[in-house]
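Both complexes below contain chain A, partnered by chain B and then by chain C.
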Partner chain A sequence: MNQQELTLEQVLSQRRESNRGIVNVVESMTKLVIFELQGDWFAFHGDKIREILSQVNVFFVPGCPPSLEGVINVRGDIESVISLHELLQLPASADMASASYLLGRGAGMSSGIRVDEVVDVVDVPLSNIHKPPTTLPEHLRTIVSGILRFKEKTVTVLDLDRIFADYSQGLG
Partner chain B sequence: MALDIKKFISRFVEEAREHVKRLGEGLDTLSRDSSDRENINAIFRSAHTIKGSSRMLKLTAITETAHKLEDVLGAMRDGSLNYRPELGNLLYRSVDAIALLVESLATSGDPATLQPVDVVLCASLAQAATGEVAVAEAPLSCIDPAKDGVPAVVKSASSPSVIPSSLAVPPPPPSQAKLNAADTVRVRLAKLDELIKLMGEVVSSHATLRQRLLDFRMIERDGSPEHWVQHRARLHHFGLTLRDDVQSQELLMDELHDKALIMRMLPLSMVFDSAGRVVRDLAHSVGKEVACVVSGAEIELDRQMIDKLSDPIVHLLRNAIDHGLETPVERVAAGKSSQGRVTLSARQDGGWVVIEVADDGGGVPIEAVREKALRKGFISVEQASGMSDQEVVDLIFQPGFSTSTIITDISGRGVGMDVVRQSIVDDLQGEVTVETRLGTGTTFALRLPLSLAVMRVLLVEVNGLPFGVIAQYVAELIRVSHEEMLTVVERKAVIIRNEFVPVVALADLLHVPERLVKTTRSQAGISDRGMLLVVVRVRNEKLALAVDDLLDELDMVIKPLPEHMRRLTVVSGMVITGKNELVSVLHAPALLELARKVRSQASRTEAANHAGEQEFVYKILVVDDSLNTREIEKDVLEAWGYHVTLAEDGIDGLQQARTGTFDAILTDVEMPNMDGFTLTSMLRQEEKYRDTPIVIITSREKEEDKRRGIQVGADAYIVKGEFDQNSLVDTLRSLLG
Partner chain C sequence: MSKTSGDPGQVLSSASSTTLEVVTFFAGGQRCAMEARQVRALRPLSDEDGRNYLALDSVLGLSELNNTCSHRQILTIRLPESDVEFSVAVPVELSKLELASIHPLPDLVAARTRLRGLCALALETEGLTLMFDLRKLT
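Coming up: the complex of A and B.
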């Protein structure tokens, strides 16, 4: 018994020895804005989201592609509203009233993004975000930057820069 | 501590620009009247000032040139030297050289990068000051010999003719032909004081409103049920005072708004003043003699527009000199003076400013343009034969189109005209039109709103949603009954004063979603009083938009769409209404474009339906001065398988008829240059049209007109009021057998 405990300690100290270089580094954290779309959870990196707005009126603009729902008035500046449903191949949300809007900026453009609900804004260690599995469907492969477990659910981390870049090219 | 010379440089540049401008104006006056002493004094002073201030900043090249210029002017002032045209040319050149140095300094901001002084020019000036005749034909301006790798060409040609020598002169660097745009605005102190005074008023008016809030609280507190009569009277009184306050506040805000906007206005002279120099430089480099006439430079425009106008105008000037004007030899052969003339003018037209760049050159060679468009594959053979001259001329705005067979440095690279159109139409919300007459010249007209910041906007409602239309584009608002609506090739049209105007429902055109909540008010409006139409006009083309209701007409601040949405050409911006709604402001030219697209699809399907009904394709000539009417008649006839050629007035029609062969001719009566009756009788005198069916389509329904029509030889007379496509097609069928 005694002998065994000693061995365990030895093992642990050995491991510490071998991991010394890593342990000394403070784990870097990242802020994520986690939101829900059709029951699934997604997230953007916090530094890409300037603001979270709720209860805003979206106004129709003629000639927009379907993914562009219209425009909103953010203190006198006009911002577009993008819906991610089409991109993520999700059915369109019926209930617009309870929607929230994330004001994102990336790839040289700025736009509102409509989400069903904002779940949380959290700081997570970078190491908790895993590489997306290779089995990811085709349409998600380029826009998903990682996968994370949060509150027993899988959160798909999306690359806002990539989405906006694709978006502005798609319009052009 | 080193002296921050940058600050002084920018101040110098601003001052020098002004003096260069004065020098240019003074030389213009001098060339007309060399005896004006006061004028010579003024030019002398400007040259002297430039010399002095440039010396302080050690801008040697400028100092030297200005110094020599001053010497010449000094000699003229004390009468030891008299003005001669050759001397005038030399003076212009030296002013241009100074201007160039100043501009290069403005871009670099660093005196060290300034080109060395043009020795040849200075030598000629020095020589001229001594009163010697020889005026060297120096190169156009300071061309840095080191950069170009060739020494500046010197020709001591005694003749003032520029043609041979200019060929040897390397073309000026492209950056040279740039008009100046201001980085700063100078505001008169009085204007600024007014603004500050108004601001003070707004602050005190706000204090009044705060007091009203206190008053209201008081009334609220005292409101006991026993004194309700008294209470109501107080409330009423309060309402009245508040109304007055809001009204005076409104006046104040309007005034503040106007005053603030005026500060953004700059005179067109910002762009126009350097035009003379640009024209001279360009003309010189292609060996043409050009006089430049500028007018309307005092008209003020929003500075944002002034900034963006410079490139299009330079391009149009280049185009006029390079493509528009003929060479002196060609001009003389054509019986014109050897000196060409380029006119840059501006005038106000309602809420618009019209800027025209006109030349008295040979006009756009329409056949050459048509052939080139065919060769480049912009249009098909079929399209080419059916296009009117105006449509052909418009082809020069196609990206990649350039008619010059030789690519020159000035223009002809095939970029430009499309960029001109794009910047005028998309960035400035304006229009570009071309008018050209073979042999007499070409005029490009830019039609621009006075300001982009605030515009008069008409708000209309469609499916419960508001939309804005910029009022300048709205030709009229009318209400028509359903009976007055015509159906032409499965789409609707109305006749407004002898002209067919296509009608589209705005809701369909824009795919506005069905309203969620139906309000009975406007629904009832449609059925009871007919359709409400907003007729928009772009150039001479009209389109009637059916809307549910008119909401308001206001001066509104137009906010730009986010960058990535600018490609939505239909929407030119957003306005915010009093209810804090965002409303899309529709861009009328884009709406017309859209309607045309929808229309051509419709007529294609229609044509497919009728295809095969006719084995032989008849050729029809349609003569009408209204573009809309022509287009509609063309659509109808093409839908029934006829081949249609268009002509825009009697003379055009007669020419078309003489050059081509037609199986039938449709003509309007009232047209400029030659009316339909005359056309008909003229055609009857032609051998090949003696028996060709001629149909008169007009809104004149008087018996005597009909009689006259038959007298001059028309086979049928259709009144537009009773027009429907079947009667036209049936008539034609019966006439053609």
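Coming up: the complex of A and C.
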């Protein structure tokens, strides 16, 4: 017997290995639109954001709360624009010129949301999004749906359905 | 916004299919409008009756500006039960708004506005016009 020849045991072992089905572990992914407000990073789920706009003219509408900054013209239709700073208890942004506007849809409503800057639009594994900590401040508990780490920073994932529903009821 | 001259109380409801005839005015420094068919008449406000009329600005929830008799007129509004008169700052004009410029209130504006009777927004190159339905005041 040639010493290079395989033993029956080795042959069977190789056979078992090759017959073993390849198990693909496909992890569920979700798209996130990550944005910055006063240096903090937040995100909305991508399926809630229809469009990202920049350099739009905001028309002031009197008689609304300060966080409802006005309306914008989106290709012939108008959308409201809200700022999340007050809702998130962040100071107002000084630089309005570099702002971006997320066109969001939630709770059967739609509106623009002014953010300081759009950081990225990324696909992340759902498993990377963790439940919000119990130490979350009171004002964030109902509107934060998760937390993740991205580029060495903490990203707070916000629940747009809840934000729009609560906002229409007088929050912010 | 195209403008026509004349008394809005006399020239009403002749809007074509692409425009809506409205009466425009300024309240709280903001251009406002209402359907011309809701307006019965417009007449000057004299010094004698200056204090007897509610300012439309404050009725709508807008701050009252330019509230001197010489700069205001009396607008007679048709309401279901009876006509109502308000004072309003000049200029008050009969105009036509392009239908394409008129939009329903965005959801969050409708939910959060404190303005009474606000029912639509008209967005033109000149800017934003608040549109009111005074029948919703009652």
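Everything below uses one rule, namely that the second predicted complex is superposed on the first by the 145 of 172 C-alpha atoms of A that agree within 3 Å, B and C clash if a C-alpha of one lies under 4 Å from a C-alpha of the other, contacts with A are read in each partner's own complex, and residues count from 1 in each chain.
Following the convention adopted for this analysis, a residue touches a chain if its C-beta (ideal position, glycine included) is under 8 Å from a C-beta of that chain, and two chains touch if they have at least 3 such contacts.
Here the structure is a predicted model, which means the values were calculated and not measured.
Per the definitions stated earlier, placing chain B and chain C onto a shared chain A by superposition produces a clash between them.
Once the two complexes are overlaid on the shared chain, A:Ile78 sits against chain B and chain C alike.
In the superposition on chain A, no contact is made by A:Val11 with either chain B or chain C.
Of the two partner chains placed by the overlay, neither chain B nor chain C lies in contact with A:Leu126. In the superposition on chain A, no contact is made by A:Ala92 with either chain B or chain C. With the complexes overlaid on chain A C-alpha atoms, the stretch of chain B that clashes with chain C is 490-498, out of 364-372, 490-498 or 706-714. When the two complexes are laid over each other on chain A, chain A has residues 59-64, 68, 71, 73, 76-80, 108-111, 167-168 in contact with both chain B and chain C. The residues of chain A lying in touch with chain C in their complex are 59-65, 68, 71, 73, 76-80, 82, 108-111, 164, 167-170. Only residues 57, 59-64, 68, 71-73, 76-80, 108-111, 167-168, 171-172 of chain A touch chain B when the two sit together in their complex. Listed in rising order, the residues of chain C touching chain A in the complex are 28, 30, 61-62, 100, 103, 106-109, 111-115, 118, 121, 123, 127-128, 130.
Of all residues in chain B, only 465, 467, 510-513, 559-565, 567-571, 574, 576, 580-584, 586 touch chain A in the complex they form.
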